[in-house]
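What follows is subunit A paired twice: with subunit B in the first complex and subunit C in the second.
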Partner chain A sequence: MARQQTISNKLVWTVLAWILGATIFFPILWTVLTSFKTEAQAISIPPVMFDFDWTFENYETVQERSNYSRHFWNSVVISVGSTLLGLLIAVPAAWAMAFVPGKRTKDVLMWMLSTKMMPAVGVMIPIYLMVQSAGLLDSKTALVIIMMLVNLPIIIWMLYTYFKEIPGDILEAARMDGASLKNEIIYVLTPMAVPGIASTMLLNVILAWNEAFWTLNLTAAKAAPLTAFIASYSSPEGLFYAKLSAASTMAIAPILIMGWFSQKQLVRGLTFGAVK
Partner chain B sequence: MGQITLKDITKSFDDTQVIPPLNLDIKDGEFVVFVGPSGCGKSTLLRLIAGLEDVSSGDIVIDGNDATHAAPSERGLAMVFQSYALYPHMSVRKNIAFPLKMAGLDKDKIDEKVSGAAEVLNLTDYLERRPGQLSGGQRQRVAIGRAIVREPAAFLFDEPLSNLDAALRVNMRSEIIDLHHQLKTTMVYVTHDQVEAMTMADKIVVLNAGVIEQVGSPLELYHSPKSRFVAGFIGSPKMNFIPGTANNDAAFEIGVRPEHLLVVTEGGEFRGKVASAEHLGSDTFVRVDVPGVGEVNARVNGDIDVNYGDEVGLQINGPVYRFDEDGLAI
Partner chain C sequence: MKTIKKNLLATALLSATMATAASAETITVATVNNGDMIRMQGLMADFNAKHPGIDVEWVTLEESVLREKVTTDIATKGGQYDVMTIGTYEVPIWGNNGWLVPLEFDVSYDVDDLLPAIRGGLTVNDNLYAAPFYGESSMVMFREDLMAKAGLEMPKAPSWNFIMKAAKEMTDKDEGIYGACIRGKAHWGENLAFITATANSFGARWFDENWNPQFDSAEWSDTLNFYLNLLNRYGPPGASSNGFNENLALFQQGKCGMWIDATVAASFVTNPKDSTVADKVGFALAPDNGLGKRGNWLWAWSLAIPAGTEKADAAKSFVQWATSKEYLELVASKEGWANVPPGTRTSLYANPEYQKVPFAQMTLDSINAADPQNPTVDPVPYVGVQFVAIPEFQAIGTAVAQEFSAALAGDKTAEEALAAAQALTERAMDKAGY
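Moving on, here comes the complex of A and B:
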């Protein structure tokens, strides 16, 4: 009886999980399917699911009209560059807060997180003006710096929680063994924190890749990443759903593939420390 | 060389002073053990010497040089931690080589020293393994290996055997003693276990609430404790403390070690019923419930025939320690 109950219980949860998963995935699936439809089929009522004439036409048009590879390259530079720059600052910061905490460390951490609670648009004008007066509008440099600053609190918080899990004794042993602070971080702390650093990197690359406020507002043509590439197919063009879908699919595909291959690392990184 | 002098050092965390002004001289080549109950400040004192904590005031002099504000790595000391603190991502070889690498030695010299240390510590077959693949005793040996390759002025041990099982602890204890004889380097060892202190030390420093109660050789502490605290802490089983009046003594309290009591059938200073008799073969531990005094322990001959409930007498057959109201020896 009890066994049967567990099995039916499991079945219910499994079905629910699949329904939830399918619901979350549906918009992405729909976008991908729409990208292979003709414009007419894309807006047809009732909508067609699979039963349409598959075409690559939209991809061809998108490819002809805009320079995908340039946008792609800009996205890579901005997301990877901002993440690496962020790590360079966050590793020492998280080290200090995890291993030599002061009386106000918790407050500093909360304060940093609180900056994420402010709507980005609130600081839009000052940041725009600063970037403008630095002559960095529509440059990858500006976006690398801004993306780094936007995500820095998250990078520091994640690293801080990973570092907290590393026994302080080991770092003290390194100090006794004659390691300078720099060597302690390079030879002992960083290698031990590799899983944590890797998942922090992955998550931040994804966040920076998908970020669409600053990337849209601070770029025009030269430094525009894939978010701007998608946006260019929405309003000014009218409602060309199929082409918009094709552009979207092309923009999210690289990060989706990366996420798929690194999901194990991501899940482990995000639940690190939660289960001992 | 490995001479360490602590001059009036104090340590406070926020507003709490954990080490009141303290002076101590550690001679070159000495095996000094800091012993005391947990929270007595012994580990803090060791960390002050190591430089892992800063003193609040006072001076630390190592081999004639003021090291009070020197970084841990500049003090020429090596430390073995209770948790071993091995680098989990490095092989045993790399763990042992780490301090040499940090010192900037060339590769051949490092290899030579690592092999030497591995041989002394029976680790040659494990050099390519990771710490996670070793037993507790082996890990502790790696930690010691990492300390000895540096040829430090002194070794600092912070309860290095606490994580090992009883049998292994006894083995490692003699290994460390042998190592001290071999290297003749100063060793400062922290433990809460008075047996470790008694068996290993040249000089024992008994600490209580950050204050040095007494410094002396194991036998000095055993034979002439300066306070009730030292008397009760050194020796196993613990000394019996009996109100002076119970023995017609003017002292506030008297102390008699269990091994200085005989169990007799007739007479004796105290009489009572046997509450338990533990026959260990070599010895028998007898616990006697003495009316008006409480429980008194005696350590007697292994072949004695006493059992629970027997009415027996306890006869003092050795020194009696006398203490005043403040717990100081009279």
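Moving on, here comes the complex of A and C:
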């Protein structure tokens, strides 16, 4: 009886999980499907799901009109560059907060998080002027730095949570064996925190890849990443949904594939320390 | 050995010099993603052949993003763009601020050929600050078959009363056909463009001559109540979410009896590739109420050169090419006359080939019927037909647009929406020091 109940419980949760997953995935699926429709089919009422004449016309148009590879490369440099730079700063910071906490560590952590509460547009003009006076408008350098700063609180918070799970005794033992601070972080702490660091990296690459405020406002032609590539296909006068969907599919495909292959790592990292 | 080295060095230096001489100056052009603009990008071979020393980089963006970016850039003298695509709203303000380079072209450009209404909207203190790439007004696009079925005949210049009557007769909700498809989406460039232009024909105005907001007038009440009645009775469901593109989609699928919107839509609804009603569309002037002003707007997407650019000469060469008579002929030769950017030059409308395009004359008549310098029945202190050319208008306009859209959605009455519009406009204008 109890066994039967467990099975039916599992079934209910599985069905619910699938429904939730399908609901979340549906907009992406719809975007991909729309990218293979003509503009007329894309807006047809009632909408067509699969029963339409599949066409690659939109992808051809997007390829002809835009320099996809340049936008793609800019996205890679900005997202990976800002994440690596962020980790360089965040690993020592999170180590200090996790293993040598001070009286105000919690306050500092909260303060860092509070910077995420301000709408980005609130600091738009000062940051724009700073970037402009540094001669870095429309440069990847500026975006790597800004994306790093934007995501740094999240990186530090995530790493801090992972580091807190690592027993301090192990680090102490390393210290007693004569390990320097640098060696302790590089050879003892980091290998133990690899799942956490990896998931932090992955999540931040995704966040930086999808960021569409600073990447749109601080770039023009040279450093514009895939977010700007997508934005160029929206039109105030004229149908554009199918072409926009093709551009969106091309923009999200790399990060979707990366997420697909690394989902185990991502889930493991995100649930690390969730159950004590 | 030494001689070889010397020769190699000399060759390298010479190559470097030649490469520098041959390297082109690159200008960055910011533009919206409209069909005419995209077509131009495909015709750049002609420009490159005529100006081999100039390379063009394109930054194509959605309208509101573009507006935000170019405004930030020009206000801070960011210098990211050498040519900007801006509208008739920005030109008077930016021209007055000294943010744009005045445009002076040689005789071959024939500046007097520009349509007077469009040229007037882009001129500040007798200086032309932007060259029109394409111009538009608004007009009535209607289904000739449904009009005939309703036993009515669309006049060339209909009244609002006729529009209400025709909408009633053409509506067949069981068949999914709605008499009037009109913008309801909340934005100063969407529903408010239509409502403000309509208000002009009802004798309403945004401000009196002393900049006092006028939403508490009887004319505004008549305008908004008419708009709400028309759409609530004969408009499609969810009209408060419909902008240009949503109505275009509805019309192309045969769901609308009439669509009052931008003249540029004529080429879309008559294109058999996308439109199911391409051969059944008629055109008429925007309606009036017999007060001497029609409910049509005036807009021109134009190319301007920001004062901060260091490449003004190259930018000017590009602007001159893109807005010239020769460019219109180039488009006609490659894509046909129906695809030529409309509404900028008098000579285009005198061209017998262009006169064969079904919507050509109606577009010209609509543009000529709009007067941005005197847009209303009673005098006003501002320029602009469907907008007020002051920097504060974007924020005020969108807030007012939200009130009107809420009234259309049924969240408030017309009177409540107008009272809120009056209060918020008074507050904003006080704050701005008017």
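As a convention for this text, the second predicted complex is superposed on the first by the 257 of 276 C-alpha atoms of A that agree within 3 Å, B and C clash if a C-alpha of one lies under 4 Å from a C-alpha of the other, contacts with A are read in each partner's own complex, and residues count from 1 in each chain.
In this text, a contact is a pair of C-beta atoms (placed from the backbone, for glycine too) under 8 Å apart; a residue touches a chain by one contact, two chains touch by 3 or more.
In this text the structure is predicted, and so the values were computed from the model without any measurement.
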Simultaneous placement of subunit C and subunit B on subunit A, clash or fit: fit
Which of subunit B and subunit C A:Arg104 touches, first, second, both or neither: neither
First (subunit B), second (subunit C), both or neither touched by A:Ser44: second
Where the C-alpha centre of subunit A sits as vertex, the angle toward subunit B and subunit C in the overlay (nearest 10 degrees): 160
Dominant contact partner of subunit A by residue count, subunit C or subunit B: C
Which superposed partner A:Leu216 touches (first subunit B, second subunit C, both, neither): second
Which of subunit B and subunit C A:Ser234 touches, first, second, both or neither: second
Which superposed partner A:Ala174 touches (first subunit B, second subunit C, both, neither): first
Partner chain in contact with A:Met192 - subunit B first, subunit C second, else both or neither: first
Subunit B versus subunit C as contact partner of A:Tyr128, first or second or both or neither: second
Closest approach of subunit C to subunit B (Cα atoms, Å): 49
Parts of subunit B lying in touch with subunit A, wherever the complex brings them together: 50, 52, 71-73, 77-79, 81-83, 85-89, 98-99, 102-103, 146, 150
Of all residues in subunit A, those that touch subunit C in their complex: 38-40, 43-45, 65, 124-125, 128-129, 132, 137-138, 216-217, 220-222, 224, 228, 231-240
Subunit C residues within the subunit A interface of the complex: 28, 30, 32-35, 38, 41, 57-63, 65, 68-69, 72, 76, 78-81, 189, 244-245, 248-250, 252-253, 255, 262, 264-265, 268, 273-274, 276
Residue numbers on subunit A that touch subunit B, as the complex places them: 167, 169-170, 172-180, 183, 187-188, 191-192
